[in-house]
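To start, I am sharing the structure in question, which I have written as structure tokens.
As written, the chain order gives the labels A, B and C, with residue 1 at the start of each chain.
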Amino acid sequence: MLAFIQQIVSGIATGGIYASLALGLVLIYRAMDVANFAQGEMATFSTFISYSLIEYAHFDFWSAFVVTILVSFGLGVAIERLLIRRFEGAPVLTLLIVTLGLFTIFNGVTGLIWGYVFKAYRGAFPSTPVQFGGLYLNTQDLGVFAVVLVMLLLLYLFFSRTKAGLAMRAASLYPDSSRLLGVRVGWMLALGWGLASTVGAVSGMLVAPIIFLDPNMMQAILLFAFAAAVLGGIESPLGAVIGGVAVGIVMALVGTYIPGGQDLRLAFGLVVIVVVLLVRPAGLFGRAAVKRV
Amino acid sequence: MALLELNDVVAGYGPTTVLHGVSLSVDEGGIVALLGANGAGKTTTLRAISSTVRRTGRVVFDGHDISSHAPENVARLGIAHVPEGRGTLGQLTVWENLQMGAYIRRGGVAKADYDRVCEYFAWIPERRRQVAATLSGGEQQMLAIARALMMRPRMLLLDEPSLGLAPLIVQEIFKIVRAINEQDKVTVLVVEQNASIALQASAHAYVLEVGRVVVSGTSVELQKDEAVRRSYLGY
Amino acid sequence: MRRLPRVRPELLGLAVIGGIVVLGVPTVTNQFVTFEFAKVAIFAIALMGLNLLTGYSGQISLGNGAFMAVGGYTTAILVQRTGIPYWTTIPVAALVAGGFGFVIGIPALRLTGVYLALATFALALSVPPVLNHYDTFTGGHGGIVMPAVLPPFSLDLSQEQWLYYMDSGIALLLFVFAWGVVRSRTGRAFMAIRDSETAATASGISLAYYKTLAFGLSAAYAGVAGSLLAIATSYLNPDTFGLSLSLALLVGVVIGGLGLDFGAVFGSLFVVWLPYYAEKASGLHIGALSFAGKPDIFYGALLIVILFFAPNGAAGLLQRAWRWYLHRRTAVRSPLPEPVAER
């Protein structure tokens, strides 16, 4: 029984990572109805930037963290303004393929600059086990979870309490009406990409200390993040976090209790996505009937 | 003096041209009605002003040539367009709708503006948290006007405020529009199919037919002119 | 009475030249190049399948690499376990992969746009680990080695030449079949669904039937391609069928031209030869960075550039050029109005 609970606890911890990437996906989906396949690779790219800052420019972790966040924000905004904007009004299929193009470009560029050798990445939190009523927790996992919750809170405050957050919601739901009110809708989308890129960078910097840093590190995580986002209703940041935790728990149990479960985890991610979409297409927190035309 | 002037404006959608050279002018401080049958191009004329449709020709507002302005810049100059269908931000609350109205104002919603709007629409304070899509049609129309007022506009473009509303509510809305015009010195260009009420409220009127201005004059003249009323205004 | 369609002499000429080129390639190139062109034929088949699904019926799939895996492993396992002649496994691979695709198509019925993309993306990602897992069948990481293929009837051909002719022949057959499908009732139903599901339903087209059919057909094509790939390389392992294969297919179908017949041919030329030239471009340096062996960056950039400048891909450009040519010809010959475009 204790072992079972232990699995759930570590599932929650990994779930935090899925949740953090899922948050970025949700931000872009809310802004423009598109799943950003490049989300994971952009996060990896950002994480490598922080790696270089720490290893070669001798920044301490938190200064590198801040610089990376700023750079990532600019990167996201630039991608929307320079590239995505040119496909305004294009079919969803086209936009999806553009993000897949970005996926391969970012993956290739990261490999080009930093190579494919796995790198150890020292993160913010030391990895020390803490015992808590017979369960083992890890300070690193706790740190990850704390950061994810802080991000969620900040996003919630941003969308509900700030003028820019409100305008972003209005611009993505009602672009035409928003324009008549003086909102620069294009820039709101760019802001959405900037935020998503930032959130992605944070998740990359959280993941890298746990798995090793390499250009492909986010691909599997992206799949679980998709599953988390879909489970949470793809439009809801809170849903993304709860979905992330749920997926994390399922994967921990699959990995432990199903023979050879480690190999099958990705396939279970697929199963989660498909089952959720079939049984409850709006996810746990999505609004089912809301379909924009 | 003319606050808004359209000179030979041509506009359309895709390959079809809808406006074939519309010229009109709206004097500062007045209420002008734009009348015409369904499909005459009234909505398109308002869209040509707020730059939400492809167009050529000159549009001058307060001395600025806004012919090549983007919609958001037209709005920032002080033109509040309440579009056909009211443009309600349905998933947002009443209060958030008003906040979005004040988007171009520095520092968000000013108390004075909010109080002013609540004088016109007394029901707003108690409904602040209601999701806008759940308001009745009349309330949504009023919210649209309230939202426009939060912009502190110099000019209000209203697209068929009477559409789908009971006569009593239409009366009330037009009363408020006149009050806004007189007390807040907001110039109004109102599009209507309901010609009789629009002519009562306005000082001047234009009649469109298939994308062209066919009649213009003071509202009193148009109301008196039996021929115009029969052939163009249908009452 | 049905009139035979008139074929323009220019087209006939082009077809003859094309035929000569296709037949002649292996006689003037070395073994490596011949083999690469055999792969062009194989990928063309996979792309025809993806084109039927994404180009014609409008369902995006990032998972056709998974169907190729099913076909490839069907062939490899059959040959390894039963020792039957390799060519008899090709139709079996088509059936098994087609059936698999049909089954996948059922949940896909309820998914559109973004969601279908997500689910098929997950499919592409989860195939290699699953293949690794069931290693008693698949040989796991080690993969399966098959006996090399020899030309039949003691033909005087090298192994590469034989593979080239066989794969090109099958590709041609399947091309003709796809051509026919597209112009049949089925093809019209596919396109109606792509253009508007609501309108298609209103005119009595069964979405369930045609959408799953498109998945099944597409997967069968991918299965044949996977089978031929296994036969050509006489070896396969799970990494052959990873995400990058599925992405390459998508790149190919977009670059070739979604929903255009010849798109698959152009697309597969790109997919097969681009990595080669990207590899060759190892002379290309920016400072200390070398682009050797990084076709991905070119893939991605090319994909975006093509979507922007030529959303209909290479086939679309050629089609435009052809129309322009026809237009000029008719304009010079007679002042009569242009005839309504064919197709």
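In this section, a residue touches a chain if its C-beta (ideal position, glycine included) is under 8 Å from a C-beta of that chain, and two chains touch if they have at least 3 such contacts.
These numbers come from a predicted model, not from an experiment.
Student: Of all the other chains, whose mean CA position lies farthest from subunit A?
Tutor: Result for the farthest chain: B.
Student: Report the chain closest to the protein's overall CA mean, measuring from each chain's own CA mean.
Tutor: Per-chain C-alpha centroids compared to the overall one single out A.
Student: Determine the centre-to-centre distance between subunit A and subunit B, using the mean Cα coordinates as centres, and give it in whole Å.
Tutor: Centre separation, subunit A to subunit B: 43 Å.
Student: What is the distance in Å between the mean C-alpha positions of subunit B and subunit C?
Tutor: Comparing mean C-alpha positions, subunit C is 55 Å from subunit B.
Student: What's the distance between the Cα centroids of subunit A and subunit C, rounded to whole Å?
Tutor: Going by mean C-alpha positions, subunit A sits 33 Å from subunit C.
Student: Which subunit A residues qualify as touching subunit B in the complex?
Tutor: It is residues 163, 166-167, 169-170, 173-174, 176-185, 290 of subunit A that touch subunit B.
Student: Show me the residue ranges of subunit A that touch subunit C in the complex, using the header's touch definition.
Tutor: Answer in residue numbers: 29, 33-35, 37, 83, 86-87, 90, 92-94, 96-98, 100-109, 111-113, 219-220, 223, 226-227, 230, 260, 263-267, 269-270, 273-274, 277-278, 281.
Student: Which of the residues in subunit B come into contact with subunit A in the complex?
Tutor: Against subunit A, the touching part of subunit B is residues 50, 52, 70-72, 75-76, 80-81, 83, 87-92, 96, 99-101, 103-104, 108, 147, 151.
Student: Which subunit C residues qualify as touching subunit A in the complex?
Tutor: These residues of subunit C touch subunit A: 54, 58, 60, 62, 107, 110-111, 113-115, 117-119, 121-123, 125-126, 129-130, 132-133, 243, 247, 250, 254, 289-291, 294, 296-297, 299-301, 303-304, 307-308, 311.
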